[in-house]
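Order of writing sets the labels: A, B, C and D. Residues in every chain begin at 1.
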Amino acid sequence: MAAVNSDAVQAAIPEGFLALEKRSGFLRNCGDFYVHEELPILAVRLQPHHLNYVRIAHGGFLATVADSAFGVVLRRLSVSQVPAITINLNVDYLGPVREGDWLEAHVEVLKTGGSFINASCLLKVGERLVLRANGVFTWWKGATPCT
Amino acid sequence: MAAVNSDAVQAAIPEGFLALEKRSGFLRNCGDFYVHEELPILAVRLQPHHLNYVRIAHGGFLATVADSAFGVVLRRLSVSQVPAITINLNVDYLGPVREGDWLEAHVEVLKTGGSFINASCLLKVGERLVLRANGVFTWWKGATPCT
Amino acid sequence: MAAVNSDAVQAAIPEGFLALEKRSGFLRNCGDFYVHEELPILAVRLQPHHLNYVRIAHGGFLATVADSAFGVVLRRLSVSQVPAITINLNVDYLGPVREGDWLEAHVEVLKTGGSFINASCLLKVGERLVLRANGVFTWWKGATPCT
Amino acid sequence: MAAVNSDAVQAAIPEGFLALEKRSGFLRNCGDFYVHEELPILAVRLQPHHLNYVRIAHGGFLATVADSAFGVVLRRLSVSQVPAITINLNVDYLGPVREGDWLEAHVEVLKTGGSFINASCLLKVGERLVLRANGVFTWWKGATPCT
């Protein structure tokens, strides 16, 4: 039996997904993330450095996927590219995610008001639901780095 | 001006904290974590690979710190070292955390029942409160790796 | 100008909704609730005793509508009519609800596992989204009253 | 066997608690609430109209107690008596509450920033913990009724 090598894993990216531009230190470290070119979906292929002690995806990593998916989708909505800052994040863990799984985070923005943005997110492996999240956000008022 | 080098950062660990044994792929990748030898506290010195695009700690990283702190403290409570699995994690972000900050996660276990464990967590930089989290957990029923 | 009388309010129940059987003391006191005969929807017409000090629906009342909608829909799923007990309830308030509004709680059950049930709920006035909730539940193991 | 009459129940109010001024329709309907004259505690003696089908406190009622406790304590903090509006409420149910129980909601305000207020709350019957809640709030910007 041949081992799955890293190149093969990275090659198997479904159509429509592009590598996420790696601006943030933490996301670069957690990667590799992919974003759908049209739909509000962030995705990642599970690798050993995403797992916990019992060899399923670490809860913190899954929360990171949800929070990052919200961030990516909300930034697309913002004409001025202002980042959204998370006020509250709530996550229900529904099932295990394992090495090699292609994990997709599907975001739905529920409300963009004056002060707050509300959004929900479902994480799926194929059709299997593995996490449900929602968040409350506000627009960042501090400085943003030059790009 | 001298750069802060990594050795200097790592050297500045407050008394009573020990390096966390790095079992998990994701935590090893996020590190370096420290755990208090007596109190229910997990801690980390913020480094560039913990930050987001606007140079504050990434929301996913802070959720990871909270979730890992729950995990470490709950495992201490378990005679048989069974890991706790997160069912629900809820996080309120209260203030920014920046590079160089010594971040402590103080856990309080509220209830350990037959099926569920409930715990709360406050993340602090010095006396400044930066995050409030709580979680619902259950004991892992699957296999655990040999150690 | 004629006052809207209580009979008129109660008469204006959209087609497909039936009065909820009033088993519980708290729900009877909060009422009057309606349940759709086919769809997973609980509804209520807002009355003065649902409002808070600034004349919008009380946050506790809206949480009650969400929690009760989960309960009604989950009981329908249970062959043996065992009640579901709430472990965690998370609610985002998205907009005000006012006296006279016909408020609908649309429930979606995400997962029914061995130990836990996960469900989401959207509260709407017409097409306007006013609340997003989700809950984690388990089946009640205690005695149930004879009926 | 003598029935516990309503007067007896109401008479058994611990020292330091005063009847809550009943401004809101929903709270008046849910009552009777008591507030500690110094400490940030809201309390209620459980009556039949607070219970659900299996004769324990309804989840929506307990969420109401938590949300109302936040409201009462935050209004005390506001010099201008501006009400706080709930953005997010998260509740973990830890144990049953039964008829006759004296239920206390102990509030801790974690942060009062420019736009948001964060607070936590523990509900107890004696020393027994029955619920943990937290909320995110903002100040109401609409009109308030004359008093």
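Keep in mind that, in the parts below, a contact is a pair of C-beta atoms (placed from the backbone, for glycine too) under 8 Å apart; a residue touches a chain by one contact, two chains touch by 3 or more.
Quantities reported herein were computed from a predicted structural model and do not represent experimental measurements.
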item: Chain whose average C-alpha position is farthest from chain B's own; value: C
item: Same or different contact residues where chain D meets its copy chain C, judged by the half mark; value: same
item: Which of A-B and A-C has more C-beta pairs touching across its chains; value: A-B
item: Mean-CA-position distance for chain C and chain B (Å); value: 37
item: Whole-Å gap separating chain A and chain B, where each centre is the average of the chain's CA atoms; value: 20
item: Length of the line joining the C-alpha centres of chain A and chain C, rounded to whole Å; value: 32
item: Junction residues of chain D - those touching two or more other chains; value: 87-88, 90, 92, 136
item: Chain contact graph, described as a line, ring, star, complete graph or other shape; value: complete
item: Contact footprint of chain B on chain D as seen in their complex; value: 88, 90, 92, 94-95, 110-111, 113, 118, 120, 129, 132, 134, 136
item: Residue ranges of chain B in contact with chain C within the complex; value: 87-88, 90, 115-116, 136, 138
item: Residues of chain D touching chain C in the complex; value: 23-30, 48-55, 57-61, 63-68, 71, 83, 85-93, 140, 142-145
